[in-house]
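In this document, chain identifiers A, B, C and D correspond to the written order of the chains, with residue numbering beginning at 1 in each.
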Amino acid sequence: MKFDPFIIPFNIGLYFILIYVVSRSVIWFRDLSRPDKLRLQRGFFGIAFGLSLKEIFMESLIHRKIFKTNIRLGYMHMSLAFGWFLLILFGTIEADIFSAKHLNAPYKAIFFRFFNPDHGRMGFEAAYGFLMDLILAFILSGLLVAVLKRFYSKIVGMKKTTRLKMSDRIALTSLWLIFPSRLLAESFTCGAYGTGSFLTGSLGAWFATFLPAQQMAYPFWWLYSISLGTFFVLLPITRYMHIPTELFLIFMRNSGIKTGDKTGTYSEVQTYSCSSCGICIDACQLNFSAGITNIQSAYLMKAIRNNDDVSEIADNCLMCGRCDQKCPVGIELSPIRMIQRRAGEAENDFRNIYKGYFRSRQPIISEKAIGSSNYSFLHETDPEKADILYFAGCMTHLTPTIKNSMIKILDASGVKYNFIDEQGGVCCGRPLMLAGQDKEARELINYNSQMIWKSGAHTLITSCPICYKVFKESYYLDVEVLHHTQFIKMLIDEGSVKLNFLRNKVVYHSPCDLGRGSGVYDEPKEVLNHVSRLQKSNFEDGNSLCCGGSLANMKISSQKKKKIALEAAIELTKDNPDILATACPLCKKTFSAVTETRVADISEIVAEALIEKPVKKNNISNVKSIRELANI
Amino acid sequence: MSKHVIVIGGGVAGLEVAGQLSKVGIEVSLIEKESKTGGHLNNWYKLFPDRRNSSEVKEYLNGITANNGINLMTDTTIEKFNRSRSCFSITTNGGKELIADAIVVATGFDLFKSARKEEYGYGIYDNVITSADLEEMFRKGEIVLTDGSVPESIGIIHCVGSRDEKVGNYYCSKLCCVTAVKQAIELREHLPESKVFCYYMDMRMGGAFYEELYREAQEKWGVNFIRGKVSEASETIEKKLMVKVEDTLAGRPLKMNLDMLVLMAGMEMSAGGEKVAGMSGLKTGENRFFAAADNHFGSNKSNIEGIFYAGTCTAPMNITETISHARAAFTEVMEWLRNGKR
Amino acid sequence: MILEGKKAIWNDYQKEIADDKYYYVRSCVRQNFFPGSETAFLKIMREELKKDVYEHPCHTTCTGIGYHGDIVPVETTMTVVARQFAIMTEAGYENLLPSCITSFGLYTEILDTWHHFPEVEEKVRRQLRKATGREFRKPKNLAHASDVIYKFRKEIASKAKYKLVNKNTGEPLKVVDHIGCHYAKMFPSKGIGGAEYPYVLAGMVEEWGGNVIDYPERRHCCGFGFRQYLVQANRGFSVACSKEKFESMKPFKPDMIITNCPGCPMFLDRWQYVINEMEGKRYGQNEEGIPVFTYEEVAGLVLGYDPWELGLQMHQTDCEPVLDKIGIDYSPEDKYNLKIIPSYSESRSLINV
Amino acid sequence: MEKFGFTISKGRQIDYESNNRRIAEYIFENEPSFRLCFECGGCSATCTTANFTGFSLRELNILIKRGENDQVRSTLKKCMLCGKCTLVCPRGVNTRNIVVLAKQAFQKSDEYEI
């Protein structure tokens, strides 16, 4: 037997998806920027290719990262992905070995049992049949978990499960039907012919005792084929598109392509690589502290895929980056969210006839024409020349203790510095960027850059992680940018300041923009270790919480912000520390409002620990006064 | 030997002090000019800040004045007042003479007569009403314009007859702000489709839970606040009321048309109180309320030994303060009866 | 509108107005603005009402324009006013009857000042004595000329030939009354009906058959305001005031405006032309403007005086629509071609020294 | 048009009914805390931009509420969105969002969307 009509749905689906994937790949490749194309080509012939293969195996099939987060969820994903992969692999080999000729059409492997009902009675054939049954059982066990998860999500330890749209439901149903229908089809066939291994064989034999196995098998083969075909056809417009897309993502990432600040192939590939696993939902404080359950990254990705208006979702986020850290696929969620913020709303409401299959490209927002300046009222300044600049930042001016502590430390260290925003400065620009207003931000960046450049400094110290991140990432400065914790660490290492050990119990809260945002985890903790007894919390480094005060979320109410702050503070002060230490004026202000525990910036603690020595008067202030005298 | 105290005025303060005195066995005569006790409480529907029903307070007052043998004289006014040694004699309109060991003046307040602010058109334009008129509407449960239709936009003017030298009242009546906010909320409750505007000079929200009520009015009920004193109201051809006000925060004059205008009438010394002051020689202050012997530690004492004050006859007070003041008056009276009286 | 409420207020603001023997003082500017008005007033008073109205040639300006324009100091003003009183005293009259609203306001203000500060009065007496050797008695009664017409409105109505009624529809004319600011806004108790709801003109209109309309900007100034108008650069503000009033009264479709002040009829009349020229905006039915009258003109019209003898051709906004509505008999060709010289017997010897 | 050496002054009066308050309504709808402002001026006091210019968030607040939009439109863009005002506000008004929403609302009203 070479052919049967029931394979037609499968064939249609299979060829459809193959053609689709190829054409989609071509479109994606064409849309890449020239440097990214080169990166990809270099990656293809370089080490990136090997790395990608390994990662595809570990992540796309085994789902190692999900395993790490949650064993049961990991098993579910692994059994389905890896199991199916094995089934296809060994099925093809089976068809290759046991068929009359090699290089069969794919359906021969998929429906092997139908075309070879008599196969597998003994010896190697039987052993191979046992292997195939084992793989099928493996998949079915994962499927069972998946079904249970859908109806009762605690089974896999998840708090929330993503909500589905209609096409997702159909695809999900067809996915669920594939393996049970294969099981039943094979079992009936085996029952009729008395073949099959421990699963299909015994089930088939049992069916045959009370059912006409021969007649029953055929409809189930049809069902199996239709399920596969349906699943393949629907694949591009459902979340299961992540299965093929993730391969591209891994390869592109390993080739060194970054998200950037505009929509493009890479952001689109990432968007499609989201499997809606929901790990980001569990990680989100807006979800578990503030009860906001519709804006998490999984929903953002889905909304982008569906061409929905995403501005409400994109704007309602603290940008703390916890989901970026936890995403098992490694999607750069925050940069993608930023792209959506820049895009504003109502950009992608037109759809072409391919609807979901060939998504109308989100128009790339070109830089707005340089209109009149918004901030022309800012006058050029002529700062004092200095090697080291201290930029306190807007927020630090509202927490004067931090400012004063830093002045104390800077004076004690004897370095020559200039406090450039002593009389109040101009915003660093990041708040505007977070609101998606890059052009306006750029104006402020240029203004501040000029001032820094004119001062001739080689080092810029700031007390505000928000400023720090933007100085680092978006200013084109020829200076070393340091957060004050890094600077203090340097002073300690150099021995420029002598500090007492304070014996306080201190817990450290890592500010989002400093820790996850800029990767500065260790210096603050080392400084704290130097002067106090640093306690461990359950939320360290990449897993640290957000205080809720973030400037990134303009949609959240003050009550909900407070709730996030309160729950985070409760978590952090579980072991009754004397001080809740942080390294951000905004975190300090936010926490101070909700906890009885003393909240202090690291600079304050260090300033307290300072061993006063005869202070070498800051040169700069001398110079200033002479100049002032001269002016008189 | 039993002592006799006359309480003049059967409002909140009078009832409270009479109740307290009668509880400890003092013989009390309570003189009330109206046919029933309760005073202004009878006209109010719900009370700020918790918007409880005013009848609950009345029930309490009725409770403490019942069953203790208080000699209640309604429809009674005082025609003659005499003082002999340390006793007082009062002749009522019925010609009855009462002799007492002490007198508590609890003559309360009158609402400012809003028609005196001609420019607001009370009594001239339809649909210009006072806060008391509005309470009456709330009690009836029907807020309608004179033509029977439902108002869509309602303005509330604060400080009508308060803080206004034009009518001779320099003082702040202190309760109109919170009354305005309370009534604004109630208006929005009754008429969810309506828009309510408060025109204020300052929001004086000093009492317990007043500020919270103000916040609720903004947050939950969307009441609009415009900082400025309305200079005048006029009638437009559509029979709407056009008010002119300076929006002092915007620094610009503003005009708008309203369906209904509610005047937050202030509190003034009652006519009854003025009559008592005239007969007895009790001193009144610049604000025409009774002047207490000392502002800090003698707010219940008068310039005549044996005559005490309770409640709003001395200054604007809310119900909480009035009851406290009345209880303090009770203590002063007891002290006088035990030790002071010669 | 609750009429009873207004009536209650009107009852509160009644004033004493002398019966006869008036010492009439003219306005500085009215004789230029609407010269027929004061003539008509004298004719009505003397011929219709048979009253003794006396004028004196030595009467001067009261300095009101200079005073309100911050040019003439108050003491000077008081001394000038004292001189007017002295002349009145010398003539043997006690009932002062100014034709000008600002004069009326100024006399009221000065008498009130003297009442509260007798030493000021003494000082002014000394100054007058020193300067002119004159002595004066304060007027026994001070009323504005419109107060007198108000007082005798019923008598005028009884002699009236016409009523303020549209003869075609039988409907009363819709009349806007505009009161000069200085009439009662400074001293509400000195004006009939007070400052908020003045009755002086409303009473005339009602009595003569018209219907007063009340509109939101009723209290607004016409915009004359001396300083505003005198400086050309400020005139934009002046005209804006009138415009605000026109916009506010527009929906009521008024037939005419009646005024009792020298400046108001001038400005409400002329600014209609200016607004039309500058912004192309017209008011009144059929966009033909809202005719503006002085109360003397209206009294003259209802008494059947010839419109052109009343000087209505001096109005920039044509009065003919109202004349037609009332049904007044007039000859259009005579408008600017006055054949008959006003025939008032005494008017030729107006100044009766 | 005739010139007389002067022009008819524009009224300064806020005409509440005829003013366009859709901008305010849009903000009320999307950021209810907009209602909570009681015009204390704390925001303007701490504001960086206000230190350089006449920009006043407090004033913008009231002007938007009254529908006096023209003045707001021209000064709104001076805001740096730095957020100090949010930290200072005694009534918990989400000030930054008000600025962003106001900008949005102006754009939408230009496009006849609101």
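As a working rule, a contact is a pair of C-beta atoms (placed from the backbone, for glycine too) under 8 Å apart; a residue touches a chain by one contact, two chains touch by 3 or more.
In this text the structure is predicted, and so the values were computed from the model without any measurement.
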Which two chains share the largest set of C-beta contact pairs: A-D
Chain closest to the middle, measuring from C-alpha centroids that were averaged per chain: D
Chain centre separation (chain A, chain D; CA means) in Å: 37
Centroid distance [mean C-alpha coordinates] between chain D and chain B, Å: 40
Rounded Å distance between chain C and chain D, as computed from the means of their C-alpha atoms: 47
Distance from the mean Cα position of chain C to that of chain B, given in whole angstrom: 46
Contacts with 2+ other chains: residues of chain B: 255
Pairwise chain contacts, counting only pairs that touch as defined: A-D, B-C, B-D, C-D
In the complex with chain C, residue positions of chain B that touch it: 115, 118-119, 121-126, 232, 234-237, 242, 255
Contact footprint of chain D on chain A as seen in their complex: 374-375, 377-379, 394-395, 397-398, 424-427, 429, 431-432, 435, 437, 440, 444, 551, 554-559, 586, 589
Touch list for chain B against partner chain D, complex: 203, 214-215, 218-219, 222, 224-225, 227, 247, 249-250, 252-257
Of chain C, residues touching chain D in the complex: 232-237, 239-240, 243-244, 274-275, 277-280
Residue numbers on chain C that touch chain B, as the complex places them: 1-2, 4-6, 8-9, 194, 196-197, 214-219, 251-252
